[in-house]
Amino acid sequence: MSAEWPLWEIFIRGQHGLNHRHVGSLHAPDAEMAMRHARDVYTRRNEGVSIWVVPSVAITASSPSDKGPMFEPSQDKVYRHPSFFDIPDEIGHM
Amino acid sequence: MYAQMVTSEATQDDPEKLAAFQARIDAGEKIEPKDWMPEGYRKTLIRQIGQHAHSEIVGQLPEGNWITRAPTLERKAILLAKVQDEAGHGLYLYCAAETLGVSRDELTEALLAGKMKYSSIFNYPTLTWADIGAVGWLVDGAAIMNQVPLQRTSFGPYSRAMIRICKEESFHQRQGFDIMRKMATGTEAQRRMAQDALNRFWYPSLMMFGPSDKDSVHSAQSMRWKIKMNTNDELRQKFVDQTVPQAEYLGLTVPDPDLRWNAEKGGYDFSEPDWTEFFEVLKGNGPCNAERLAARQKAWDDGAWVREGLMAHAAKRAAAPLAAE
Amino acid sequence: MSAVVDLDAAMFEGLCRLGDSTLVLGHRVSEWCGHAPVLEEDIALANTALDLIGQTQMWLGLAGEVEGRGRTADALAFHRDVWEFRNLLLVERPNGDFGHTLMRQFLFDAWHQPMLAGLAQSQDARVAEIAEKAGKEVAYHLERSADLVIRLGDGSDESHARMQDALDMLWPYTGEMMVPDATDIALAEAGIMPDLTGLRGTWDALVRDVLAEATLVIPDGSFMHKGGKQGQHSEHLGHMLAIMQFLPRAYPDATW
């Protein structure tokens, strides 16, 4: 049995100006073929203007058990959001 | 459905963790691959998503059977695009299963070894062009019944795959109905072909939902875990209620003398399919089981040198810059 | 006066050559659907076949228009017999293994792309427009088939041997593409289609480069089969048409 083709994560920019978005994965022997496969598999309906392919093993993910310390500290920093501040109506849009 | 009779795995985990897990699901949270999950949840999902993926791939065969015989260039292109979509859907689903720690090659080998199943429906032959209409209309119609609610399933990668699949599948049932409509309003021979296709595909389509599972322990567990969203009977009823008026519109007769509207329940009463036949098909005794698996086996065997050759070349390329230094 | 009539006839013939080649190759490639070595390639092959079928609709559609006898692309595809087909012999070769299919695709793409580039310069705007659209699709076909030929040629021992075998088998079918007959010459002189002999240089250079990188050896011998463009085919095409044309022939009154 041969070694299975590695897995790649595919990111596609749907329109000019938008971020690349993760759309799924696929198998390919190397980056160049992953790119072609991504084109053939994930843009069949005219979905993209740009593709990134990343080896799945290269992705470092945050650990679910760290969820609390990772994300909760930002919850009470409400002053980062514009809705925190009252602006008098007569000032208009700001 | 595409995943029929998936037995859920018993789970022997820490009750406290289990309760917290269930609470997350009840709160509508998605479970992601790195999250803690009961072993039973993981194994049941692998089995279900794997079976679903296999069904897409084996499902390419009965329709692929008519790509070379499609009667117009446009029909050929539409059918090819549709069967290509099935390959894509299989690919998305295998990838979803892979996040649970099983590889696509392992799943493929389990299918070929007869250790994993695919939907019973694909063991029926497509004998005339009308069958391609019937498959799109009835088989995809039945599949969509199941897949639309599965977009809300608790496992993130499965849910996202289903969202993508449902978006792409929206044209599949329509193309089938469109073929049937052309046939049903065509020449005498075409009308007969259309009726014949409905006759042969009606009960196998009802079987797609699996036998009644009202009292099944496995189904109850899967429903609690939100990897099964409706009972088989609910979906079957919904399918019949949706399809009968469409058949009437086409001027075709559903091959069930006991079919009638039940005003009280607000749905049709209809005959059960022959469950003996269903279990025979699952056991491997359907009209096309042997051909379907042989075709998959042949593609796998014949493709081995291609997969290996391309890996060998990639390894050479990866080594090349090192050698140059 | 007669020159005009002749040119229309030549144009119909030339358009059938293009459309029949894309039809037959598209059909052959579509035979792979559900049977390819890996899902990603299954999907890629179907994309190629879909492009070719789409091109067929355009070329044969225009052929019917030029002919002016009310024949549609479907009528031409499904209601002509083997001796009326004008495709290249190369494209009717059976699929064989994946290596044969790819090698056939590459040898054709390497001709198809410069051919379409020439057609995009056609004096006939309809021809130029089709070629423009098809050219983008075929640029990708060529990129893909050339790369895969290189990878499998210079892959494992087995993949190398299989690709060399495919090349040996298919090579004698490549001459026909670049040898013009009276029809080709008339169309080139009228500025409707490119001079086929002019494609030779591009094709040779590309094919030699790719095959060298693939570590494959071009077979000795200069013998080349020909006749496809004039309707003299191999036995394979008749069987293909028997399958492809079955429904419209069996039910001539039906619409689908």
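Labels A, B and C are assigned to the chains in the order they are written; within every chain, residues are numbered from 1.
By definition in this document, a residue touches a chain if its C-beta (ideal position, glycine included) is under 8 Å from a C-beta of that chain, and two chains touch if they have at least 3 such contacts.
Predicted model, so just to flag it, every value in this text is computed and none were measured.
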Quiz item: Draw the chains as dots and join the ones that touch; what shape do you get: line, ring, star, complete or other?
Solution: complete
Quiz prompt | Chain whose Cα mean lies nearest the overall Cα mean | solution = B
Exercise. Measure off the straight-line distance from the CA centroid of subunit A to the CA centroid of subunit B, and report it in whole Å.
Key: 29
Quiz prompt | For subunit B paired with subunit C, centre-to-centre distance based on mean C-alpha positions, whole Å | solution = 36
Self-check item: Approximate Å spacing (C-alpha centroids) for the pair subunit A, subunit C
Solution: 41
Quiz item: Where in subunit C do residues touch two or more other chains at once?
Solution: 38-40, 43, 47, 151
Exercise. Specify, in ascending order, the residues of subunit B that touch 2 or more different other chains.
Key: 81, 84, 88, 91, 304, 307-308, 310-311, 313-314
Quiz item: What parts of subunit A, by residue number, touch at least two of the other chains?
Solution: 5, 26-27, 29, 33, 41, 44
Practice problem: Spell out the residues on subunit A that touch subunit C in their complex, using ranges where they run on. | Solution: 5, 26-29, 32-33, 36-37, 39-41, 44
Self-check item: In the complex with subunit A, residue positions of subunit B that touch it
Solution: 32, 34-36, 81, 84-85, 88, 91-92, 95, 98, 103-105, 160-161, 164, 168, 304, 307-308, 310-311, 313-314, 317-318
Self-check item: Residue ranges of subunit A touching subunit B (in the complex, touch as defined)
Solution: 1-5, 7, 23-27, 29-30, 33, 41, 44-45, 61, 63-64
Quiz item: subunit C touches which residues of subunit B in the complex?
Solution: 57, 60-61, 64, 67-77, 80-81, 83-84, 87-88, 90-91, 94, 129, 179, 182, 186-187, 189-190, 295, 298-299, 302-314, 316
Quiz item: Which residues, counting only subunit C, touch subunit A once they are in their complex?
Solution: 38-40, 43-44, 47, 140, 143-144, 147, 151
